[in-house]
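I've put the structures underneath this note.
Shared between the two complexes below is subunit A, which pairs with subunit B and subunit C, respectively.
Here is the complex of A and B:
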């Protein structure tokens, strides 16, 4: 039944997204990219996808330029889609931008703490996460001010509801603010997808519930692994775990008590598919550990899984989840290109194949 | 009046000097290799951290702290033979550095032009202690300078509390490239002093042979390099990932080392190549 009316409002956007998906780089594109000897070659290989953005880049250029130009394209495409969206899809797409807003808020308040020039920082903010009050963030000196002066009028305000404390903004508290905001964001997004009258019971609810749950689990595991050896206390850490996903509640409880990667492994073993992640990712490397040869880090395995979930959404019709999936796939593509560019620039070709491609 | 014995003694001394000179080249190349390894691992770990960044955005200068202070400095000591020893010191334990002048070393940007992440570690305060009476580098000192007394000053905190472990590895790599850099510049200074001594000695030997009436046919017709030999300047040795620079310097050096089977000829060549 849902297909009967879906196309009236959202058919066009879905069609466009499927078109975007077809222009994503495939394995054969990637294998061509890895053959490049210089960044100039790489630029040439990227012409079909990013020609418009890269055409005006003068050589020699740093790898960060490629990432910036590719992001430009992503932003342009996303804005076009957002302009076409109405109703629940518009709200859904707004939710997608909130995560960028959280990153921007963290970037700005960290920069202010570090006495950086606000103008420079604003230029570095992700365009998708830009909102009106953003430049005013620099005046805040503690969390309460941050909320009452600036964030109360932004879409991020609801995410603050239970997290207000009058603590000073230092590195630790910024990290806590960032992660609690993200936690609330994921929970709110999950709730929106599963309970919104237009979405509940549809393929979107089903797909997004799985994807957001996975994202929540991944964050919980990453937070735990990265917190070892830092001043983040266990009780603070526990508050950062989203209350959704397959790990909640038993897994997150065990994670909150973990002291080392082995304890993390035990905690996530209650979910069958995650058990194999640790086996593939190699325990003890924490996140992003550097192994030799083609050894994958745990993060790589998570990204791989995320990309497979995203790819899977395209087998469904009449769903908003494809927009989310496309955004994630495109982001991963940018990371892949940057990685390959980085390997070429540093002449370290032995691990150039560590990119993540699902098509 | 010089005798044959004096000449033999001098020539033995010259041989010994040349052998230790070649040993220095070996040390030089080992330090070079160590630095290259540490820096390339560091930049690679940085790329890995960016690839796995949990929050979007790159780990780079966007997150630098403008209140930054140099954490490590360089102590420079010159001994009586004009050999300069460079030692790493921890600037976070302040008392002895109060009167010293701090100068920030230039750090060359990465070849690909992206943010020189390493700057935060490499901006060393330069501590001039020319009259110091402890010329020899104590390796334990350098190791101690690598661990920070106060973890709150760790620049890694700029990038958040929960950052990927690869970023920590990158920092470790960059920090561990510092002692070999100190070793490298000290070795270079030693090499320079050796070259000077060898040249002087060769001059004396030649004079003595002339005096003793020994045939000079096996000597080169012209005296090489009378003017001071120019060593690669410090800028050339600046902390950089520039492989082209490495090759030039290494190339010069290895020429001297490989052709050094007959010490006399070897030195001749080295001195020429560094002209």
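Here is the complex of A and C:
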């Protein structure tokens, strides 16, 4: 039934997104990229997708330029979509930008805490997370001011309001602040997708709740693994786990008690899908160790899974989830390109195949 | 031979000869000591050169791995973490101790690196994702810096040793080619002067002796002549006038 009226508002955007999806690099594109000997060749190979952005790049360029230019394209496309979106889709896309906003605000908080000139930091902010109130945050000279400005000016106010006090920004590690916000954001996004009158009961709600749930689980597992050996206490750690996803509540409870990777493995074994992850990814061996060619890290496995979910989204019609999926796919593509470019630049051909190709 | 020019300005006396001889002996001892020092330093120098070569090759490898691990971090975190890492660092985790090493009298600074394990300022970076890569990257870069420190310590030693070896070699050469020949020349000069003096002295003495002899001879001749005259006079007076017995006490004793 929802398909009947979907195209009135969102049909165009969905069409565009599907078009974008088709322009994503395919496996054969990637294998061409990996054959490149120099960054010049790489640039040539990327011309069909990124020709417009890369054409003006002067010849000896660092790998970061490619990433920057690719991000530029992503942002451009996203802004176009956002301009076309109305109603619930507009809100949905705003939600997508919130995660970048969290990163940007965290960056500014770091700057303010250390009394740096935060105006320089604006350039480092992710353009997708840029919002009108962001430059206003630079005015704040101390953390209380910053906190009140965040509450007034930014769309992130609800995440801040419920979880953090102004004193927390000062006392807590910025990563904890960031992850608290992110947890709150994921929960809010999940709630929006499942309860919004326009979205509840649609394919969007179904798909997004799976994707967000996965994202939440991934964060919970990552936080657990990364917090071993740090000053993060178990109770603090528990507060950072989003209260959604397949692991919640039993899995997260077990995760919060975990002391070593083995306990994490036990915790996530209750979810069938995740059981195999640990077998695939060497835990605690992020990146597979130096020169360890083919072994995948847990992060890689997660990325792979995320991409599969995103790919699966495109099999559904009349859903906003494709926008999310496209964004993630495009991001992964940028990461892949950067990785390949780095491998070429640093002459590390044996690990060049470590990218995740989706199509 | 620059025998005349290349010598020290000394008076050719026996005392300065003694001094010069002592000096020559000192110079020779010093020369052999310095030569040995130079050899020891050169040996060390060669060893350091070899180790620098090794360290540089190692650095190349390690830096490559390090740069690549940074690429891994970029891949895993998908963003810029540089600023956050910069800002969250409060105290140095990687520190350097400097100590002195004595190689045949030359003080070589040696840097020793150590890691303060408890200092883990950005341990939570990448908590959401990529944290393991960040930590790994840090460890790899830690190793890279370690190699750099090792290299720096070797390079410093290299420069210092190079200087010292140059100075020592210059000294050795100076002693060998300037001081020893000059002292030898001086000794030769003093000897020749002394011999010359000896000869002069001998000649002078001979001359004096001759003169004395001559004078003696003349005096004797005079005396003989005088006696002769006196004898004649005696005979004259004896014949002319009666001998005044009281007047001349010097009359020959009458021997009975």
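Some points to look at:
In this section, the second predicted complex is superposed on the first by the 324 of 359 C-alpha atoms of A that agree within 3 Å, B and C clash if a C-alpha of one lies under 4 Å from a C-alpha of the other, contacts with A are read in each partner's own complex, and residues count from 1 in each chain.
Following the convention adopted for this analysis, a contact is a pair of C-beta atoms (placed from the backbone, for glycine too) under 8 Å apart; a residue touches a chain by one contact, two chains touch by 3 or more.
All of these numbers come straight from a predicted model, not from anything done at the bench.
In this overlay on subunit A, subunit B clashes with subunit C.
Once chain A of one complex is fitted onto chain A of the other, the partner contacts of A:250 are absent, as it touches neither subunit B nor subunit C.
In the overlay built on the shared chain, the residue A:338 is in contact with subunit B and with subunit C.
When both complexes are overlaid on chain A, the residue A:260 reaches neither subunit B nor subunit C.
Legend: residue contacts after superposition of the two complexes on their common chain; A:171 is shown touching subunit B, with no touch to subunit C.
Of the two partner chains, both subunit B and subunit C are touched by A:299.
Of the two partner chains placed by superposition, subunit B and subunit C are both touched by A:114. By the touch criterion stated above, A:350 is placed in contact with neither subunit B nor subunit C. When the two complexes are superposed via chain A, 116-124 is the only one of 8-16, 26-34 or 116-124 in subunit C with C-alpha atoms clashing against subunit B. Comparing which residues of subunit A touch subunit B with which touch subunit C, the overlap comprises 63, 67, 103, 106-107, 110-111, 114, 116, 121, 124, 126, 174-175, 178-179, 219, 222-223, 225-227, 230-232, 285-287, 290, 297, 299, 331, 335, 338-339, 342-343, 346-348, 351. Partner subunit B is touched in their complex by these residues of subunit A: 39, 60-64, 67, 100, 103, 106-107, 110-111, 114-116, 121, 124, 126, 171-172, 174-175, 178-179, 219, 222-223, 225-227, 230-232, 285-290, 297, 299-300, 303, 331, 335, 338-339, 342-343, 345-348, 351, 354. The touching residues of subunit A, counted against subunit C in their complex, run 63, 67, 103, 106-107, 110-111, 113-114, 116, 121, 124, 126, 173-176, 178-179, 182, 218-219, 222-223, 225-227, 229-232, 240, 284-287, 290-291, 297, 299, 302, 331, 335, 338-339, 342-343, 346-348, 351.
By the touch criterion given at the top, residues 40, 43-45, 47-52, 54-58, 60, 62-67, 110-115, 157-158, 160-167, 169, 241, 243 of subunit B touch subunit A in their complex. Residues of subunit C that touch subunit A in their complex: 64-65, 67-69, 71-72, 74-76, 78-80, 83-84, 87-88, 120, 123-133, 135-136, 140.
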